[in-house]
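Chain nomenclature is as follows: A, B, C and D, assigned in order of appearance, with residue numbering initiated at 1 for each chain independently.
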Amino acid sequence: MAMSTGNDDPRSEAAHYWRTSICDISPGRISFRGYPVQDLIGSVSFPAMIWLMLRGELPTVHQASLLEAALVASVDHGPQAPSIAVSRMAVSCGLPLNGAMASAINMLDDVHGGAGQQALELYLEILACVETGETLDAATAIIIDQWTASHGKYLPGFGHRFHPVDPRAGRLIDLVEDMVGKGVVTGRIAAAARAVEALMAARKGKLIPMNIDGATAVIYGELGFPPPLARGIFCLSRAVGILAHAWEQSSRGERNKGPMPRSFSFLYEGQHPKESDDRL
Amino acid sequence: MAMSTGNDDPRSEAAHYWRTSICDISPGRISFRGYPVQDLIGSVSFPAMIWLMLRGELPTVHQASLLEAALVASVDHGPQAPSIAVSRMAVSCGLPLNGAMASAINMLDDVHGGAGQQALELYLEILACVETGETLDAATAIIIDQWTASHGKYLPGFGHRFHPVDPRAGRLIDLVEDMVGKGVVTGRIAAAARAVEALMAARKGKLIPMNIDGATAVIYGELGFPPPLARGIFCLSRAVGILAHAWEQSSRGERNKGPMPRSFSFLYEGQHPKESDDRL
Amino acid sequence: MAMSTGNDDPRSEAAHYWRTSICDISPGRISFRGYPVQDLIGSVSFPAMIWLMLRGELPTVHQASLLEAALVASVDHGPQAPSIAVSRMAVSCGLPLNGAMASAINMLDDVHGGAGQQALELYLEILACVETGETLDAATAIIIDQWTASHGKYLPGFGHRFHPVDPRAGRLIDLVEDMVGKGVVTGRIAAAARAVEALMAARKGKLIPMNIDGATAVIYGELGFPPPLARGIFCLSRAVGILAHAWEQSSRGERNKGPMPRSFSFLYEGQHPKESDDRL
Amino acid sequence: MAMSTGNDDPRSEAAHYWRTSICDISPGRISFRGYPVQDLIGSVSFPAMIWLMLRGELPTVHQASLLEAALVASVDHGPQAPSIAVSRMAVSCGLPLNGAMASAINMLDDVHGGAGQQALELYLEILACVETGETLDAATAIIIDQWTASHGKYLPGFGHRFHPVDPRAGRLIDLVEDMVGKGVVTGRIAAAARAVEALMAARKGKLIPMNIDGATAVIYGELGFPPPLARGIFCLSRAVGILAHAWEQSSRGERNKGPMPRSFSFLYEGQHPKESDDRL
């Protein structure tokens, strides 16, 4: 029996099957990571609670504030972002807020929500290469060459199709530097990110500046979050904008909101009309 | 042309079709509710950002802290909650964190995620009845009778199938009282909630205490959030637990995790085996 | 113990908790509604299988063919339909086909996917009124008045914002008539639908013809499906178009496809830029 | 302008942005792949419609019947399958049928819904290796060694944790053989699948028989569907079981159905209770 706990008690087996180290619940008592819930409510900040749930320990005030900056930065990028558009369309189709959020958060997959995770993977590969004895610049060149060979020319976390300079990235990196100065984080991930930026500028002859994903990935990495949580925490942040747009949309009278105004049409580029044939 | 902006410019028509008062974006510039994003990052708390996005103005520190308490309180209730179970099952099916969160947040519909919204509707109906000249106790009796007549005996926000007393509710209400004392909120919603509790205790001869949904609904109502946002903000909170469980699950080797251990089976209670018949 | 099966055996309790009359599975054996799966494969049509799973018995050939016509009719209505647009956007965000289908099918809620269900409810209310002794015309007038009083002027199943005459509806109703002639269905639901069309034409002075939802609702009702399954079966049908568009989109190189071309922008109609204030 | 159609007309640009070769719609007219919808309704089978939408041409009767067999075979595997469990839990949380289907279909990701796609990829790699001059047996050994080296020992499409022999697979393969005899398909994919089965039996000393995913992958491959559509079509099939279980669940009174009966509990294996500390 694959999941057996080593005894024949079905209730124990089932309890083990759904085991967790996150929360403990018994009648009248709830605790998270060992802390009674009533001690957390009103005492810890929401970002600290996010950290506790994901990491198992409470953060320091400085750690929580750096995480908080990243959470604030990514909430929204307007209705042209597929996640936001889907949220608004969902409400017009009759979905309640939870359903609109679900359909919209689902959109945050590899392309729309994965850049932060990929950027952090890139930074960590560079630092792992440094561990083998390479200089940071050499390691950056090696890893970027490997990355572009296997993933293509698009480097996650740098450049933005819309913003020549992403106004969020600089502010976030400034906060990281501040925390480096305070000894809260080491700055090693930030250095890797800057090395990527510098190498690409040298190679291309122009700056392709760090974007929101590249900058939040620095924060998550400096704080010790593994790459998949860069995506996961981004989902928590973007959920706020998704909810705000769903809520705004719910006050409009639109029904079945399509991607374009109703006076617009789409182009059919398929086969010409067919006569009914024998198969019909 | 239904959505026409009054001119014949298709770009204007499309821009109007996707209009929003939440965010403004132009190359190199992003602002939310009129605030440049770089002024918000590192300056406002995550709960304050949530408030700004949903309400259009920044909260006071006290308002934000009361919202924060509600956000912290609802993050998780363990793997027997459908939202949490679905999140864990999703990861075992191969979904990335965004997908697990989507399927799980979708679960927070009327029954699993709607009690806070319904409780706030109930409180507001009672207060509206008070506005007509009834005393609070009389209004409470009138509205509860109407509510049970149209919705059934289950009163949202009170009683818990598992917890005789919900350890979250008392702490949350204490915080509300504290804020009433500071003049941050009026306490009118809290009074309505207590009137419901008292009436039911008198009628049933035993206390059916306020639960997490009833208590967070008091907070959302005191802070001026409309009922649907009680559900929406709950989704933001529960998203944290959903993510934490998805992340914990991702370190397990389980594939296609069903609801019960594999040694368990389900009961078939349908028709007996059939001979192939003419229709086959 | 709420779900107890009357004994203390946890495995029995759990088996009962997940009981079903749809499928029976044991090692090497699978049966649906009593039929061994190997007897169904290659023997029954897909629409007949749908019927068997939902109803518990196999349909006649004529019943299955009428259901099949409804399944064929509703597969797609182009990229301006939110369900189809979301499917295409999802693929561009990195979602696999299952994820694109999930986000898109979620869209088929009360407004986008509920009209067939609502139309069937309307027809059944009319026929229930006839059962009380009213003529069909009188019952139709009574029920439509009630419906518009409680739901608003929009009658589900009639009229189309885009098609003056819906080319699917007439063909579907012709097939129903054919089946009435063969004694397969009674035609009572079709008569109710026609009575609605006639009454509205008389009241408004112009024909508001039955649309795809009104016509498929006639078919589902004539075949004995309850109203919620009008929505459910529509989801099975529309899933085909959703998949086809997701698949077509996957051959395009687009990333993060928003609702409008990138040269388009959205209108910001919110607050003017704010100076940083004390709260920041 | 990336998506420009070569002129400055915004309506043309937007029409091109949402271009499709699947459906053509104008007032009063709808056609799919060139066929007017009214010519398809009542004339083509649902599997033929699925084929037309995905492939652009109608299938022959034999092709459609082989596809139909695969569609019938995969509808359901009971409440222990995560997709089915989620569907039932969703209904108990208040979701309508479309929402239950969405959350459940989302589950059909790489692990739960990807085996057919992966099996077809495996078969096609073997046949591509044969094209280079290897015998089928040699190619099978080469590709299986490569596959297990890069993907691990688990071979998609063979073996079943529950069924010693999958009752669906043999029946499906018999139908393929029948179609080979009729000249409908070539049998090359089926031969590759049998070569995999034979090689593994020789290596392991016991038969690890083809399962439903391996067998449906043979059908999809023989019919010319590319691997991702093995997953997509599986989603269409499983959607039927998902809907049937959602519908059955909707007649139960359960609210917030968790994975186990309420008398069961889960195991907490985390940190011991903590005193409130300075951070709180």
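A few points about this structure:
Here is the rule we use: a residue touches a chain if its C-beta (ideal position, glycine included) is under 8 Å from a C-beta of that chain, and two chains touch if they have at least 3 such contacts.
As the structure is a computational prediction, the values presented were derived from the model and not from experiment.
Chain pairs B-D and A-B differ in how many C-beta pairs are in contact, and the one with more is A-B.
Of the chain pairs A-D, A-C or C-D, the one whose interface repeats that of B-C, sharing more than half of its contact pairs by residue number, is A-D.
Averaged Cα coordinates give subunit B a centre that lies 34 Å from the centre of subunit D. With centres taken as mean Cα positions, subunit B sits 22 Å from subunit A. Within subunit D, the positions touching two or more other chains are listed as 10-11, 14, 18, 20-23, 25, 36, 40, 44, 78-80, 85, 95, 99, 102-103, 106-110, 113-114, 162, 259-260, 262, 264-266.
Against subunit B, the residues of subunit D that register as touching in their complex are 10-11, 14, 78-83, 85-86, 89-90, 92-95, 99, 102-103, 106-114, 161-162, 255-260, 262, 264-266. Interface of subunit B with subunit A (complex): residues 1-4, 10, 13-14, 17-18, 20-23, 25, 27-30, 32, 36-38, 40-42, 44-47, 49-50, 53-54, 65, 68-69, 71-73, 75-80, 85, 96-99, 101-103, 105-110, 113-114, 162-165, 167-168, 170-172, 174-175, 228-229, 231-233, 235-236, 239-241, 243-248, 250, 260-264.
Here subunit D touches subunit A in the complex through residues 11-12, 14-16, 18-25, 31, 33-36, 39-40, 43-44, 48, 56, 58, 60, 95, 99, 102-103, 106, 259-260, 264-274, 276-277, 279-280, going by the rule given at the top.
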